[in-house]
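As written, the chains take the letters A, B, C, D, E and F, and residue 1 is the first residue of each chain.
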Amino acid sequence: MDGQTGAFPHLDGAGRALMVDVSAKEVTTRTATAAGTVLLSAECVTALRDDTVPKGDALAVARIAGIQGAKKTPDLVPLCHPLPLSGVTVDLDVVDSGVEIVATVRTTGRTGVEMEALTAVSVAALALVDMIKAVDREARITDVRVLAKAGGRSGSWTRDGS
Amino acid sequence: MDGQTGAFPHLDGAGRALMVDVSAKEVTTRTATAAGTVLLSAECVTALRDDTVPKGDALAVARIAGIQGAKKTPDLVPLCHPLPLSGVTVDLDVVDSGVEIVATVRTTGRTGVEMEALTAVSVAALALVDMIKAVDREARITDVRVLAKAGGRSGSWTRDGS
Amino acid sequence: MDGQTGAFPHLDGAGRALMVDVSAKEVTTRTATAAGTVLLSAECVTALRDDTVPKGDALAVARIAGIQGAKKTPDLVPLCHPLPLSGVTVDLDVVDSGVEIVATVRTTGRTGVEMEALTAVSVAALALVDMIKAVDREARITDVRVLAKAGGRSGSWTRDGS
Amino acid sequence: MDGQTGAFPHLDGAGRALMVDVSAKEVTTRTATAAGTVLLSAECVTALRDDTVPKGDALAVARIAGIQGAKKTPDLVPLCHPLPLSGVTVDLDVVDSGVEIVATVRTTGRTGVEMEALTAVSVAALALVDMIKAVDREARITDVRVLAKAGGRSGSWTRDGS
Amino acid sequence: MDGQTGAFPHLDGAGRALMVDVSAKEVTTRTATAAGTVLLSAECVTALRDDTVPKGDALAVARIAGIQGAKKTPDLVPLCHPLPLSGVTVDLDVVDSGVEIVATVRTTGRTGVEMEALTAVSVAALALVDMIKAVDREARITDVRVLAKAGGRSGSWTRDGS
Amino acid sequence: MDGQTGAFPHLDGAGRALMVDVSAKEVTTRTATAAGTVLLSAECVTALRDDTVPKGDALAVARIAGIQGAKKTPDLVPLCHPLPLSGVTVDLDVVDSGVEIVATVRTTGRTGVEMEALTAVSVAALALVDMIKAVDREARITDVRVLAKAGGRSGSWTRDGS
């Protein structure tokens, strides 16, 4: 595991991808929150609100898919470390323009869980699109980003204006 | 599998989720194309262009993750049917505002592959964010949507203005 | 693939496990239905009925887990063939003694889907137990069995008294 | 992760499923034992005993499937935490009425392993049914329950009459 | 899916990896056989032969792992197509120098199963090494190669001197 | 978990496979390095060197597959413990006879990572064979073995002549 020095620890000396060695990092409680939005037609939002699209289930399926998605992060993102997640929440709110998704992931480990939070949001969004795609084939997943993180050497961080 | 009639075939009579029966649908060649963008800082785009972030590898990791993501769709999206994918492409282009991702998925099966194309784009985007997050922690995945589909009973469809 | 003859096609000549060759079997539509029961305390059933245990969600989580479980059958059962499932339903009904689960799985393939139906029931039951185990740690999964199957060379079969 | 208070920690304030935050729980050695029975025809039991159904292999396949099943628990049960399992045993005994299965799982972690033990038993039972289903299509998985657990805040517990 | 022409169909026009489109290829029955050897110490071979290393189980574990490995090929090999495998055999024979492994995989599909056969051999070999590594930490997996394939446009092929 | 005593801890008293209990072992930093070679035709090596086989990508695909393969070890090798890997490197070098692969895996856990290192090498080799099999169908994976390990009760070990 030589050559991991310098500015880009994801690469070894010859520019090749690797899973960065984190064994010297401290085991601490770490959290990350990510968010995103699924933009939907007015008809689809009305259907969600009138419960003529099975609102409960579409949101329930998306929420469960998001929680399971967080656990699959190291399988989906090639250089992510497997981590023992200690908590995951995924919340979905129907708004005029679609559905807003917020996920928070917590671990006690050697590296952060931003990717797990982003994956939870993305997979919840994909599952939601699948549930409503017969009603709105123009759905759009947008603005998936990290809102905040805490724990670890670099301390807490919150996105400006989030 | 009674009660699958009507406007919302993802639900049976009592509003409960199910994997819709597609056994009466025709086996045809079906394709779908989806796209999305990862918005990055000017500094990160410059790094990708100057190859001081290992551009090749970041894009290669994302592309491979996207192809593998397409294959994992039925595992990620609870009500998706498992399908024998016959082809997957994932293309990433560096532009001034970040990286544009386009994925095309093809099958010969009984249902379409829009979800597989969207999943390929989303997973490629997540892998890209993981590769550059030490350079740009404000990366944002946006505008993930289906561009076009072909094959199956409902024929071809192209998003307006795509 | 010699030695697959005789009464026990799961074994080759020397008594060793194999995934039986089904390539000579006909591609037909095949269905299987399985059922099982999770026995619960009267207190837990009351909680499910009074909605003081979040009945909707516990049942929704179990139903989705069961559908996903059907898709994971070839990963769980070593000698099962991977099959392109064309439909899965999982129904849960709260009764006085607990929750009854029925799953129906459909494919168009070369072998039956009894194991997929049994797996859907078992995984739904496990997920249900997980949801209520803080309320009733003595839950018991019982009577998981195939009720009926149809399609394929051996034709339809229904369990006596099912 | 607000709103996790009260009697049902699997739900947040609005009755929605989440993976409970266990990061404040203590890391201790925890074990759980579960059991279940596969009821078989007299003919099938005789075949297992006379070794005319490849007893060794059917039981070996089931045992290995059960051990692997324990590791897949967080993938099967949506709200289960991923845990670093430190030991798994799965024992199968042929009795007059079928096969009795007992599984013990051990971890050093922040939450218990009852679900892992139940999953090991269920998956072993499913694999056994698959092995003998050509001999006995009326096999029945029954009485899958936790026998005992130890470790963690709530201490040891043994099922009455187990 | 433009640019797939020419000598290297795994790459599109700009040298980028893709999952080749096989939808125009014929659905036929295809088989492939691969083999490999695990070289072991004389002490370890003696233990396998004298049954003082639990020969039956070590070989049974490896055989089952190999069958399951064949099913995991599209998950392990990034550009492999998912295929509905119709049969898998894995045979292990103890010889003076170690254990010889031969795997045959069969499908009815649009592309060959050489990778599935090679993966079955490799995973069986890894599982065998795991079983005996306390007895022989110098085990060596060697000579993993395709022996023969049949079916598909290119017809049958057998390795010289295999 | 009785009966785990004696020379073969992978077996309980009756010769049956189990996942050995490691909960009494110490948590330490452990590393393992494994290597292997893919033997290729002179034509294929020339193509890799002349970049007429997309060398970069073939090696990149193999490297990423190897890293992901390390994470899948407990899923592939039935009795392996799931471990929180803290670092993985996979290096591939083109030599006259083919491609040499070396993988190093690191964990902080209760058991070693030899199997993870061997799995990383094997899966990288399989992915490489898949990338070049249109150019050289006689590729051969050979000499996959552990080179060195460190950490844990048994201390460091290096293969003679490695």
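Here are a few things to note about the model shown:
In the analysis below, a residue touches a chain if its C-beta (ideal position, glycine included) is under 8 Å from a C-beta of that chain, and two chains touch if they have at least 3 such contacts.
These are the chains along with the protein names UniProt gives them: A, B, C, D, E, F = Cyclic pyranopterin monophosphate synthase.
Keep in mind the model is a prediction, meaning the values are calculated, not measured.
Taking the options C-D, A-C or B-C in turn, the interface that duplicates A-F in more than half of its contact pairs by residue number is B-C. Once the centre of each chain is set as its mean CA position, chain D and chain E turn out to be 31 Å apart.
Averaged Cα coordinates give chain A a centre that lies 30 Å from the centre of chain D.
Computed centre separation for the pair chain E/chain F is 16 angstrom, with centres defined by C-alpha atoms. Within chain B, residues 16-17, 56-57, 60-61, 64-65, 68, 72, 75, 78-79, 82, 84 each touch two or more of the remaining chains.
Contacting chain pairs (ordered by label): A-B, A-C, A-D, A-F, B-C, B-E, B-F, C-D, C-E, D-E, D-F, E-F. Only residues 56-57, 60-61, 64-65, 68 of chain B touch chain F when the two sit together in their complex. Within the complex formed with chain B, the chain C residues making contact are 29, 60, 63-64, 67-68, 70-72, 82, 84-91, 104, 106-108.
Touching chain B in their complex are the following residues of chain E: 1, 12, 16-23, 74-75, 78-79, 81-84, 109-110. Residue ranges of chain D in contact with chain C, taken from their complex: 7-11, 15-17, 36, 53-54, 56-57, 60-61, 64-65, 68-69, 72, 75-80, 114-115, 118-119, 122-123, 125-127, 129-131, 133-135, 137-146, 157, 159.
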